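As written, the chain order gives the labels A, B and C, with residue 1 at the start of each chain.
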Amino acid sequence: MKSFGFEDAAPVLSWLQKNTPLVNCLTNNVSKNFVANALLAVGASPSMVEASAEISAFTLVADATVVNVGSLVDYRLRGISMAVQTAHENGKPWILDPAAVSESLFYRSSFARELLRYYPAIIRGNAAEIMFLAGEKSSSRGADSLSSSDEALRAAKLLAGDQNCVVVVSGKKDYVTNGKETFCIMGGDPKMARVTGTGCALSAIMGATACAQYDFLRAAAAACVVMKHAGEYAALNSRGLGSFASALLDGLTIDKLS
Amino acid sequence: MKSFGFEDAAPVLSWLQKNTPLVNCLTNNVSKNFVANALLAVGASPSMVEASAEISAFTLVADATVVNVGSLVDYRLRGISMAVQTAHENGKPWILDPAAVSESLFYRSSFARELLRYYPAIIRGNAAEIMFLAGEKSSSRGADSLSSSDEALRAAKLLAGDQNCVVVVSGKKDYVTNGKETFCIMGGDPKMARVTGTGCALSAIMGATACAQYDFLRAAAAACVVMKHAGEYAALNSRGLGSFASALLDGLTIDKLS
Amino acid sequence: MKSFGFEDAAPVLSWLQKNTPLVNCLTNNVSKNFVANALLAVGASPSMVEASAEISAFTLVADATVVNVGSLVDYRLRGISMAVQTAHENGKPWILDPAAVSESLFYRSSFARELLRYYPAIIRGNAAEIMFLAGEKSSSRGADSLSSSDEALRAAKLLAGDQNCVVVVSGKKDYVTNGKETFCIMGGDPKMARVTGTGCALSAIMGATACAQYDFLRAAAAACVVMKHAGEYAALNSRGLGSFASALLDGLTIDKLS
């Protein structure tokens, strides 16, 4: 297994500096604002189209689609189905965030599994989510995994192989694998788990980096690097979880600013 | 009437430090992000499941349920009905936040009244909301009460007695009553009323503290203490309402951090 | 064309200091929290009622209604239709924010055009949105305009004349026109375009200022001045986009605080 750092992420980040990928996110209402601001910070252009009436046409305009099944409700489920089908049929990359899939959340879990037949480019979840999606026993509590990334690595590799996609297990360590090659990204800060939407934002940033090139493995790893770095920045520049969340977005701000 | 301070709240807060109650919130889309971050700050694990298809099973997994009728729409109303019924039948505590109930908002108001038959553990509102729910004449403007906590105290006691629950009137002074015993919590800062979701967050934190023990009176009062303290911290550490909101979450951060 | 500065905005801002207009916003779920906090910052009272079951009665209680078609979904569309019709029939001002209207988003775009028959007091959009609404060729990418305010000025004047309303094109320069008289507001900061909801918040603040008097031209221009000023404040008091968003709300905080 290889580590993956800032220098490895450089080509993707430099592409982001020059382009402004349009990333459409179908995500839960808890994290919409944070996700949009995270995408803007790294230099992407976010949109949040989700109505069945306009999602298919817009998916063709967007560079990538990000699907998060957190707090799923019927009207968003319909929008997601249409978006993912359109993306698949038109060769547009889409990211699956199986937020909180588990035994006790059957509705979103069975839906997340159905979506696999439209072949996401990248699947990003915590250890329990990836294990559950891969059909293994998993242990979670609401949105929190009770398993470590290490415990999920085998499941991640199997899922990546089966789906011919990149699977990311994020946590204290992030693992990024296509089943054959695996990167490990260390760093970050434990407080990241105590800001809502950090995982959703990481998935969304993968939507942006996936547009950079069609090596989704390095695209996903670059997103992990950027987020880990932002977490470290935030830990040094905050006095509690409110200023941590704000500083996390500061840390994500890639410098088109000056 | 007794005052209630940090030393009285200590057993509840110390329980929160050691446990991580899973609190499911069915709340309006304005405050979802702030509410989730407030719960994380005090050491709880938030979830925002609201779909009819998964709410009953998840309510059994969650330690408490928080219902806020702000910006109510049909699909959330259905989710709330199922959540509250499941919570009631299974002896799980649930909190009612009758956000902006009034003559001019009949839909949410009649619904909030119907919910009373499932016996919330705690009802938390501003003076006008509590007076309206108790069947008294109340005076409000949108989400703002035009009455003081003192004017609502009698109504709060009656409602608590009728419902056999704890009623909290929050405002410049917070009153927490079970109809027989009443606590008063002073402090905070007037700017708290100028950050959206502060009331919703207070109700959500009561969902967390209600898991600590089955003395809901002290659980609710402890939540008020924590929020008043955060408001004072924020007033000292902000330069306007944006940094005030951020500092409020800093002030809520109970120290699992270091 | 005239410039419009703080001294010109003074009567409106001084009215805002003394009154607390109740502004009901039917807006997308991405920006609801930011919009509510922006309204609170300038001294207004926000509400976000959108259910068909309560919107008509509440529109009569609110001083102004703000409609944003961003991330439109069916249930909000129904609420908007009823709100706008009630506002129109009862002489209450309402603001139209045609967020991201374009060829590729037909659902919201045709709806925004239908709404014109209920005569908004103010229409506020970026250059591409105003050009599209006026029936001209426009160029956009998701929520971003690829045209400048200057390119949209002619369309804005035509639209204002046709609709007998005030049209605002916001961007690097803001133009505010009733078709005959036009104000230009300079300033702000480019980072404002990289915080989600800044445009939505500007439209919402126009809902508040439109209550001050029935000269909607100066009311809209005053809102632009306040937002440009906040952007400049934020640029001086931030280290990235997270602290910029927070400082933007600080900059909007009109001093009822001390």
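Operating definition for what follows: a residue touches a chain if its C-beta (ideal position, glycine included) is under 8 Å from a C-beta of that chain, and two chains touch if they have at least 3 such contacts.
These are the chains along with the protein names UniProt gives them: A, B, C = Hydroxyethylthiazole kinase.
If you're wondering where the values come from, they're calculated on a predicted model, not measured in any experiment.
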Type of subunit A:subunit B copy interface by residue overlap (half), same or different: different
Size of the rotation, in steps of 5 degrees, that lays the CA trace of subunit A over subunit C: 120
Distance between the centres, which are taken as Cα means, of subunit B and subunit A, whole angstrom: 32
Residue list for subunit A, restricted to those that touch at least two other chains: 29, 32-33, 75, 245-246
Footprint of subunit A on subunit C - complex, ascending: 28-31, 33-34, 70-75, 100, 104-108, 141-144, 191, 194-197, 238-243, 245-246
Partner subunit A, residues of subunit B touching it in the complex: 20, 22, 24, 29, 32-33, 36-37, 40-41, 45-51, 53-54, 57-58, 60-62, 75, 237, 245-253, 257
